[in-house]
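Structure provided below as C-alpha cells; questions to follow.
As written, the chain order gives the labels A, B, C and D, with residue 1 at the start of each chain.
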Amino acid sequence: MAKHINASGARVISVDLPSGLFAEDNTKNIPENIIKADYTFTFQLPKLAFLFPENEPYIGEWHVLDIGLDQDYINRQDTPWHFMVQQDLKPFFKHRKKFDHKGTFGHALLIAGSFGKSGAAVLAAKAALRTGTGLLTAHIPGCNYEIQQSSVPEGMVSVDEDPSYFSAIRDISNYSAIAVGPGLGKEKQTQNALKVLIQNYSRPLIFDADALNIFAENPTWLSFLPPNCILTPHAGEMDRLAGKSSSGWERLEKARDLSFRFKCNIVLKGAHTAIITPDKQVIFNSTGNPGMATGGTGDVLTGMILGFLAQGYSPMFSAMAAVYLHGLAADLAIRRIPAESLLAGDIVNFIDKAIRKVFY
Amino acid sequence: MAKHINASGARVISVDLPSGLFAEDNTKNIPENIIKADYTFTFQLPKLAFLFPENEPYIGEWHVLDIGLDQDYINRQDTPWHFMVQQDLKPFFKHRKKFDHKGTFGHALLIAGSFGKSGAAVLAAKAALRTGTGLLTAHIPGCNYEIQQSSVPEGMVSVDEDPSYFSAIRDISNYSAIAVGPGLGKEKQTQNALKVLIQNYSRPLIFDADALNIFAENPTWLSFLPPNCILTPHAGEMDRLAGKSSSGWERLEKARDLSFRFKCNIVLKGAHTAIITPDKQVIFNSTGNPGMATGGTGDVLTGMILGFLAQGYSPMFSAMAAVYLHGLAADLAIRRIPAESLLAGDIVNFIDKAIRKVFY
Amino acid sequence: MAKHINASGARVISVDLPSGLFAEDNTKNIPENIIKADYTFTFQLPKLAFLFPENEPYIGEWHVLDIGLDQDYINRQDTPWHFMVQQDLKPFFKHRKKFDHKGTFGHALLIAGSFGKSGAAVLAAKAALRTGTGLLTAHIPGCNYEIQQSSVPEGMVSVDEDPSYFSAIRDISNYSAIAVGPGLGKEKQTQNALKVLIQNYSRPLIFDADALNIFAENPTWLSFLPPNCILTPHAGEMDRLAGKSSSGWERLEKARDLSFRFKCNIVLKGAHTAIITPDKQVIFNSTGNPGMATGGTGDVLTGMILGFLAQGYSPMFSAMAAVYLHGLAADLAIRRIPAESLLAGDIVNFIDKAIRKVFY
Amino acid sequence: MAKHINASGARVISVDLPSGLFAEDNTKNIPENIIKADYTFTFQLPKLAFLFPENEPYIGEWHVLDIGLDQDYINRQDTPWHFMVQQDLKPFFKHRKKFDHKGTFGHALLIAGSFGKSGAAVLAAKAALRTGTGLLTAHIPGCNYEIQQSSVPEGMVSVDEDPSYFSAIRDISNYSAIAVGPGLGKEKQTQNALKVLIQNYSRPLIFDADALNIFAENPTWLSFLPPNCILTPHAGEMDRLAGKSSSGWERLEKARDLSFRFKCNIVLKGAHTAIITPDKQVIFNSTGNPGMATGGTGDVLTGMILGFLAQGYSPMFSAMAAVYLHGLAADLAIRRIPAESLLAGDIVNFIDKAIRKVFY
C-alpha cells in the first residue's frame, strides 16, 4: 500500500509515525514499505527516528501534537534518549558574583591551527573568550603568530617550536581546561605531540577535528584518554573513528559504544547534534539551522565547550550548554543573515545574545 | 532637422526612440542626424541601443511606457536579447534543507592575488563565502599569507611555491569550482601555471582580470578551455581579448562570437552588464549603479560567481545570480553610502541583504 | 546566638551592620560570632567593611537607608575613607576649546607587550587614545610591530632593539606621560630597562602588571621612584609587592603604608577599586561589575590613566577619572553584553559613551 | 578704560568688535588697551581678527547679527578674505553618471608611511578611497606591506626598495594625482627621493607633514614645484617653512607670500583652516571642532584632497571640498563621540555621511 500512496502524487500526512517506519532502529527495514509523508504530526514527543537524516524522506516536516499525556509520568520513564531544551540548562548556570575575579573563571588552553589553517584557532579562541573563560592562551605554530595576536588581542599566545605545526607543548599545569584539534593537520610531529599530551594530563580534555582523525589512525591511543574527555566528531569523523555507518541510527549506536568503552563524552555533530555521555545517555539538541553548514562552525563549538570547561563546569554541562548556545546563536543570527551568507564568525558575534537569552 | 533641434537649447523629449537612432546597431549611423533627447519614453520594452554608452547622448534618461502589448506574445518572440529581473532567478534557487552539511555546499578554490595586490584575494574570498560556498581555499603567494588569513578566518589557504606570484598548484581534484585571475599579475610563471591549469581541468572554470589579460597575450590558449567556462571581462579586457571595438554594440557582437567559438559564458561588465551564453543569448542586468566604478568590485563579482558554482549551480545561473545580486548589493548599499564613498568591501557587506531580498 | 540564626535556614536581614561584624577592621574578629545576613540595610553611608571580599558572607546584598543625617556635618568629618561618585570628577574636567591643537593634549608613551602578549599593548594604546591623549607612541618589541600598527593606526611605534622583550628605550624627553608594564614579562633585560627608566625620569610614571612584579622581586627599587607615581596592582600583585594579606582590610592597610612610604598613588584593583594617595587617603570606586573579570581589562585601565596624565591632569585625578570611567564603560557595555561575554575590547569601545555620560 | 572693564569681573559683551581690537592686523596693537569680551555680537559678517587664536581672549564666543546689509553689495566687494559655506561647493560637484567606470575617477598615488608610522598611510589611503578615487596605490616601505594590505584591501601597494623609508619611485606616469608626506620621516634617502619627484613631475602635487619639513630644510627646492601644487602645513610646519610667526595674522601673511611666490595653494590648518590660492585669496573654513586635535587627522585630510584631485577636480576645489568635508565629518562624528574620544579613523568613517549631507 505504501507504494501506491507514495506514487499517488497526493500530499501525504502521517499521524504519530509514517506507516512502516519504526520509532528507533530502521536498519533492517524495507524502504519501499514505508510511507513517504510530506508532514508528520506526532503524539506528545518527537520519536528518535525523526532525528536521523536517512528518515527525512519518510517523515517530511514534523510537528508535535500535545495529546495530554501526563508529563510527570513521562519524566519518570527510564530512557537513554533526551531532547534538550532551554530549561534543562538554566538551573546549572552560575551567575557571576561581585567579588569574582579573572582567576575565578579559569585559564583555557587552546591547541589549534597550522600553516594555512590559522582561522580555526582564531575562531575557537574568540568563542572561548565570549563564552566566559577568564584567560585564554592559544598554542600555535610560529607562522600564525601575528594572525592570532592581531585577531584576538584579549588572548595570549604560546608559540610552538615548529614553525608550521603543533609539535610539542612544555608546561600545561597552569590551565584549567585544554582543547586540541581545530585546524591542526596530521603531521607526524603533531601525532607525537598529541600522544604525549594525553599521556601527561589527567583531567578531561576536549578533542576536535584533526585530533580525532589522528585517533582514527591510532585507535589504540583512545585507551590512554583521561576519564570524562569530550570528543566532537561530525559524521565523517565519527565514521573514521568507529568505522563506516550506513545510517544515523547505526552511527549513534557506535558512538554510544565508543563513549562507554573509553569513558568519554561524544558530541556527534549534525542537524540534531547528540551529546553522548559515558553511561550511554543521549541528549539531542533542539537548536541550530542549515546556515551552520559552513567552514569554521565546528571550531567555534570547540571554543565554546572550552570556555565553559575552563570556568569549572562539568564536561557534560559544558558540552550541553555549548551545543545549545552554538545553535541558538546561529538561530538568532539567521534572523538577519540568510543561511547562505552565515559565516562562523557571525556565530561568534551572536554568542553574547544567546547567553543573554538563555541565562538572563 | 535633428541639427536644428539639437542646437535649439530646448528640452527635448523623444517617444519610443530618438529620431535617427536605430534600435540595435548604430555602427554606421551618422551622429549629426540623431536627435539628442533629454528624456526618452519608450514603448513597452527598453531597446537594445539604450544599453550602450555611445548612445547615452541621444537617449538621455529613459523610461518604459506600458502600452498594453500582450506579454505572452512578447515572451513567445524568439530573441537573443533578454533583460534580467528578480523573477528570472527565484525559481532556480535551492533553499537549504535541515540535514544539509558543509560538504553539500562544495569547496571553492580561488587563485588570486600577488605582491602588492593581496586585496583582490581577500575581497573575492569574502564574497564567495557570503554567497554560500561550504568551504573555501585561497591559493596565494607566500607574501600574502598573513593578510589573507587575518582577513578571512573562515577560509583556508594554499601557499604557492613562489613568494610573490602564482606559479603552480598541485592538487585541484578536491574542489567543486575554481576561479582564477583577480590581482594575479602577468609574470611568466603565472602564464605557465594558467596554461597548465586549463589543460588539466575538465570542468567549468571562472576567469577574471589578469587571467583574461594573459589569454589576450596568448589567444590560442582559449581553445584549451574546458566547455562552459565563465569569463568576466570589463570593456578594456574585452577589447584586449577580441580587438578594439568602436562601440558597445560592436563589442557585444565580438563577445557573442568569442562565446560561441570557445563555448564559454562571457560576463561583459559595464553599466548594463551582459551575460552571454555559448549559444549567443544575451542577458542584460538590471541592477547596479555608478558607485561600483571603484577598485575591487570586479573581484567581489568573481568571488560571488565562484560561490554559486561551488554549490553546484550551473555556470549560467551562477553568472546570472551573481551579477544580479552584486548590483543589488551595491544598490542597497548606496541608500546609505553615497556613490563616491562606496567601496568594494561595502558590496561584500551587503551580499547577505541582497540574497535575503531576492530569495526569501 | 549568631550560630543559631545562621543555622536556622531563615532569611536573615541585618540593620546597619550584621551583629558581630565591626565596621572597619575584622582581622581579629571571630567568624562564628558574626550574623550571616542575606540583606543588610545600613544607615546613611556604606561601611568600610562592606567593601572587602572576606565580609561578603556576612553582609549579603547591601542597601543604604537615608536616615536624614546632616550631609554638611558628614562632609566635615575628617576621614581617610571616601566613596567616589560622578559629581566628584566633573568640576576638574577641562573641556576642549576652539583653538586647542594636538600638542595641547600631550604625547603619551606606552611601554608594553612582549612575545606572546602583544594584545596588552594594543588594548592599552586604544584606551589611551580614546581617553584623549593628543599623540601616542607605543614602545614594543619588533615581534609585535605589525600587530600594533595594524590594530592602532592612529598611534606611532618605537621598536625595541630586542625582538621579543623590552630591553631599553633611548629618548624619553618628548613625552608628557609614560606608562610601563602591561604584558611586559620579567626577563633580565626588561628588569634592567625598568631600573634605568625610573632612575632617569623625574616626573610621575604609571606602573602596571609585570612592572609591579619586577618591583616585587627588587623591592629596593621602589625608593628610586619619582614622586607621585601611580601603581595599579590587583590583589595578587599587591601581595607580591607588600607581602601576603589574609584579608582585604589588611591588604588595604599595607597599600596605605606603601603609598605613604614611597610617596606614590596606588590603584588597588578589585570589586571596589581603591585609589590610595601618598597622604593615605582612600577613594573607593562605585562603578564596575564582575564582567570585568577577564584578561586585558587591567591593560585598558592603564591606558586610560595614561590618556589623562598625558593631557596634563594630576596623577590623582587621572587615576580617579580613569577608574570611574573604566567601570562605567563596563557598566554601560553590560546592558547589551552579558558578563560572561564581556571582553576588554568591549570596554574600550564604551569609553566614549562613559566620557559623554559623566562630563557632558 | 579697557583695564577697568577687564578687571571688573563683570560679564562683558561687545558689539561688532571689542573696543581696541582692530578687525584685521593687531600685530602692533597694545594688548592692555583691548576689551576682553565674554561674548561678541558682530554685524553681518565675522571679522578677520576673530579667526586667529591670539584674539580669542578679547572676542570670547562670537555670533553674527544680520543687520540687513545688502548681500549683493557685499558679494561685489573686492576682498581677499572669504568664509566658505556649503553653498560654495555644491555647484562644482560632478555627480556620477550611469556609464562612468573606474577609469573615469582616476588613479591616486599616495607616498606615505615609514618604519613606526604606518598608520599615516593607512588613514590617508582609506580617506582617499572614501572620497571617490577610482583606484589607489600606496607607495610604502616593505616593513609596512602587510599592515597596509590588511587594512585597505581595496587599495594596491607599490613597495619601495628601502625596507623602512621612502627612497625612490620608478614609474609615476600612470597616476592622475599624487600626494606625498604623511608619516614619511626625513631620512637622507627620503629627501633625495622627494627632490627627484618634484623635478620629474609637471602636474600639481600634494605635500604634507614631513614633505613640508624637508622643504623647510631645503628651502630652495620650492622653486622646482610644478605650478598649482597643494601644501598642507599646520602652524608649526608653516613656521618651519616661512619662519616663526608671533601671531596668526603674521603667519597668514607669510603663507600668502609663499603661496604667491611659488604659485602654490596652501592649506594652513588650524581651528579655522585657511586655503590660500596663488593669487593670495584666502578662504576660511567654517566646519570642524577641537576633537580633531589628535594624531592622524592631518593624514586623513591629505587623503581626501588626493581623492578629489585624482578624480579630475581642480587643486583649489579639491582643497576646499576636502577641508570642508573633513571638518564636517568630524562635526557629525562628535554628535556621538565626545571630542576627547574622537580618533582620526572616526573621521574616515564619517566621510560618506559628510558627502551625502553636502552634495545630495
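Definition applied: a contact is a pair of C-beta atoms (placed from the backbone, for glycine too) under 8 Å apart; a residue touches a chain by one contact, two chains touch by 3 or more.
Since the model is a prediction, treat every value here as computed from it, not as a measurement.
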item: Intersection of contact partners for chain B and chain D; value: none
item: Rotation in the CA alignment of chain C with chain D, degrees, nearest 5; value: 90
item: Shared interface numbering between chain B and chain A [over half = same, under half = different]; value: different
item: Chain centre separation (chain A, chain B; CA means) in Å; value: 40
item: Chain A-chain D separation of Cα centroids, rounded to whole Å; value: 56
item: Multi-chain contact sites of chain A, meaning residues that touch two or more partners; value: 146, 150
item: All touching chain pairs, where touch follows the definition stated at the start; value: A-B, A-C, B-D, C-D
item: Chain C partner contacts - residues on chain A that touch it in the complex; value: 95-105, 129-136, 145-146, 149-150, 152-159, 351-352, 355-356, 359-360
item: Chain A-facing residues of chain C, complex; value: 53, 56, 115-119, 122-123, 143-144, 146-147, 150-151, 234-236, 270-271, 290-291, 293-297, 336-341, 343-345
